[in-house]
Amino acid sequence: MRACTLDALNAASRQEFTAVLGGIYEHAPWVAEAAFAARPFASLADLHAAMSRVVRAASEERRLALVKGHPDLAGKAARAGTLTVESAAEQASAGLDRFNDAEYAAFHRLNDAYKARFGFPFIVCARRHGKESILREFERRLANPPPAELGAALDEVARIAALRLVEKVAAPDRLNVHGRLSTHVLDVHGGRPAEGVAVELAELAGGGDARIVTRGLTNADGRTEQPLIHGRPVPIARYELRFHIGKYFAGRGVPQAEPPFLDVVPVRFAVAEPEGHHHVPLLATPWSYTTYRGS
Amino acid sequence: MRACTLDALNAASRQEFTAVLGGIYEHAPWVAEAAFAARPFASLADLHAAMSRVVRAASEERRLALVKGHPDLAGKAARAGTLTVESAAEQASAGLDRFNDAEYAAFHRLNDAYKARFGFPFIVCARRHGKESILREFERRLANPPPAELGAALDEVARIAALRLVEKVAAPDRLNVHGRLSTHVLDVHGGRPAEGVAVELAELAGGGDARIVTRGLTNADGRTEQPLIHGRPVPIARYELRFHIGKYFAGRGVPQAEPPFLDVVPVRFAVAEPEGHHHVPLLATPWSYTTYRGS
Amino acid sequence: MRACTLDALNAASRQEFTAVLGGIYEHAPWVAEAAFAARPFASLADLHAAMSRVVRAASEERRLALVKGHPDLAGKAARAGTLTVESAAEQASAGLDRFNDAEYAAFHRLNDAYKARFGFPFIVCARRHGKESILREFERRLANPPPAELGAALDEVARIAALRLVEKVAAPDRLNVHGRLSTHVLDVHGGRPAEGVAVELAELAGGGDARIVTRGLTNADGRTEQPLIHGRPVPIARYELRFHIGKYFAGRGVPQAEPPFLDVVPVRFAVAEPEGHHHVPLLATPWSYTTYRGS
Amino acid sequence: MRACTLDALNAASRQEFTAVLGGIYEHAPWVAEAAFAARPFASLADLHAAMSRVVRAASEERRLALVKGHPDLAGKAARAGTLTVESAAEQASAGLDRFNDAEYAAFHRLNDAYKARFGFPFIVCARRHGKESILREFERRLANPPPAELGAALDEVARIAALRLVEKVAAPDRLNVHGRLSTHVLDVHGGRPAEGVAVELAELAGGGDARIVTRGLTNADGRTEQPLIHGRPVPIARYELRFHIGKYFAGRGVPQAEPPFLDVVPVRFAVAEPEGHHHVPLLATPWSYTTYRGS
């Protein structure tokens, strides 16, 4: 199942259509099969709406089966390597594959409590969350009343489906499921963009845990060639940007103290909206800096 | 040996004088004894100069003996608890009492190499340095030519003596051996000093090591009641100030994202001049901040 | 009538006491005479309270006479030079002596309307206001209901009395009738206080009118030797601070564009609380600056 | 003579070609006529180079005549309305049509002195300068040695020609003769772009003269719909940007002092490179702001 265009899908047979979209809903090719009848689709939003209508129109029994078809987060299937390709990638993106034994144990307990209470596994669109945020969501939703929780689970199923659709089908519209995290470094000592500043982005978690998400180098305009995160949701998480400005100013021959007053500047911030555009610039001299939520 | 006034020293007998000042130079009460003749002293600077003159006028043999009388840094005496009271406090202030086994082993090797090269132990005014800086100094001075290094060692002896004098003798002048590190938090969202912001100061060292130096809470003027470091040199080191502004703005009922964009703001900087006045303010909103080397 | 101490007043005869304090209330030496009985006064606040009690205890007729005894603001007496010394200085401090003919005419109309409505002249503590603010107050109070307006006038009389007291009588307490306006220039390009920056403070009024209030030069700590305004209320007004940073950076040999990107930096702000402490710092490089309401 | 495409010019007859481009060099259609032979032109840069080669290859007599064919800046022809259309627009763009009598008189004197010294009128690419800058250039060039000054005049003729070409001929390349001046307002009190902030740009000249160049309103991204200056050189001049942030924050219901601490924020800066991209953002709260040369 490779990516294909919306036009190709509109022209496809039912069999081809289902072959491509059968995995959009986990273990539920019947959603794609039923949506086939609504062709042609003017946009990806149109296709997503048609598939959502199929789910909503299904019997409660079938919807429950859809939810139950999802694997446990960080569960036995994940450890045994028997997840669907999509689920494996999604769980890894949230850092669930980096759990230590204690974290696996904690998740295991939560999974058990959740299934005992609701009768189905905990589903969350893992790409929208960091490690800490997933755990917080888990605890928050465990307190939901059972009737509300099935709706919450189906909302997450729809989010997962939208992200899978965007990756599978090339179309002019992108369903607004992707966010962006970018930076910009201004050298206000020299009055120019700061070129050649090394930048790291780390996701922070409890106990001082910091996982490097990406590294970059600013170009002649003071920006990284690509946004630090783009083409995907920006996981709800705490982050630390690290700007290596001591080395930058040393490279420009700017006099500094020894050791320099500022060397690696850390900027810690949290992301609350995975689909938003997050811009975190730095205006720096060797002796001062300003940072802010930009646009 | 308790603190006393300069006036009392000027009026003291030679025996009393030496009893009070005999420990200013490590295991060398003869310095105080000889300085007694220069009484009366108009100021602490005057007394310190007189003692320095005694050392300079001493025979090379005696000066070498003075240097050799100092204990190894983080050496056997430190581990065995047989340091003079002054030396123990000084070594602890630089964090040498918190060395792990690997660090002790590294220091041991440096001590051996240093003594083999110069014939006397490595002396440094430990109060002016953090853990990392001491090690850097050690390696730098190990490369000195032997004739220059005896001078470097005696310079450190003079610095140690000056700090001990200031603590031992109450006088109007303080020899400019103390520095200061302070902060100030402005709430530029509300246009007022930020009162009640928790602030921590940590000394950073290699491998992510961070030792809390002090904690404070800002008062109605946005400052901590006491400077974060004062009445002593500010050790040459890398520091991290942590401002808990997320909690502050939450306490004022300011709308924030969930989780808040900014929570604990870290500001990392280095101190290069232990006797300087270091002021590191923060101008903050829930969405931006500015920090700088102030005055 | 020269300044004297509170102790001297407490020891003075009724005649001397009244000679010193007879002018605290305009053309109403009876207030001082009656307050004499309440001696001794522990503080200036005590004395001010005693005089206020005398006014409050007076008959309505007498209080009205007190109010009527005040001269018109920018009125005929001002133009003819027949004001009391105190009134002349106060009116000049608010810039009323710099009115052009049109402004005099406007005030004249307001004075006439006010007296027609309330039966007494408009009284305001002129030292607490700039030219624009006085006019705004005048228009605001003209709309008051007559019974409230007598109270408003007596409040201003009490403010005038408090300021006159502080100038006339030396005492440990100062009645909190003075404010302060100060600045501080940080060179965040060089990481030090900016020394030798010329600073001007202008009061702004309608039509582009700008009156220089004071000029200063920053010292080694980046501050002017004296606050820009102190020892008096800071008039409610719009101000412009002008920082000559282009010349400063040129003097330090910092490379700049020709003409420099920044030369004279204007900071416009308003003061709403004459008794407050207003601090307006500047953090500058040749290419950027930050300013804020400080503390 | 209307704008036409480079392709149309390449296909035109010599007569049509000269009709379109005859005014690129003032009163010198022979330049266009001679350049016709170099067709076809791959780009506007190619065409401009060909015309420049014609001028360089001309006899000194002819080049002098070309220079002499230019009108006086702010001279009799300007006042009498007998300039070519191009010259009239160019002189107006630099504000020369807004001279008062004293300024006309000053220019008249400079024109006379210049012609007496060099034998031809002062030529400058007026679109690259503000009123003040033209005068500074005039005085600077009056001091040139005569042989150098003819070269300086021809450089300006080439700049004028390049700008006229860009306006006359539609082509993919634009000769890099245009600059840009833009702004961006961030509301760091609310953590969002500041939408609906009124912004004015004024050009400053001596004696408090301030001419409004343009007005704008920030959009949802905190920017004006169009850059404040674009599609032309940014004149070398001193500017003042005025940001009406007091009204903006009042409109958002943010509590402020009365009068507000900040109302209209002026940012004064100079432009030295007319072809550069100048970005001057503002990060503001009701109590603070930061501005800088951005990118």
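Read from first to last, the chains carry the letters A, B, C and D; within each, the first residue is number 1.
To be clear about the criterion, a residue touches a chain if its C-beta (ideal position, glycine included) is under 8 Å from a C-beta of that chain, and two chains touch if they have at least 3 such contacts.
These numbers come from a predicted model, not from an experiment.
In this structure, the chain pairs A-B and A-C differ in their number of contacting C-beta pairs, and the larger number is found at A-B. Each chain gets a centre from the mean of its Cα atoms; the one farthest from the centre of chain A is C.
Centre to centre, using the average C-alpha position, chain A and chain B are separated by 47 Å. As a whole-number value, the distance joining the C-alpha centres of chain A and chain C reads 59 Å. Touching two or more other chains at once are residues 188, 191, 257, 261, 283, 287-288, 290, 292-293 of chain B. Residues 208, 236, 238, 257-266, 268-270, 272-273, 287-293 of chain D touch chain C in their complex.
Within the complex formed with chain D, the residues of chain B that make contact are 188-191, 257, 261, 283, 285-288, 290.
In the complex of the two chains, the chain C residues touching chain B come out as 186, 188, 191-193, 221-222, 283, 290, 292-295.
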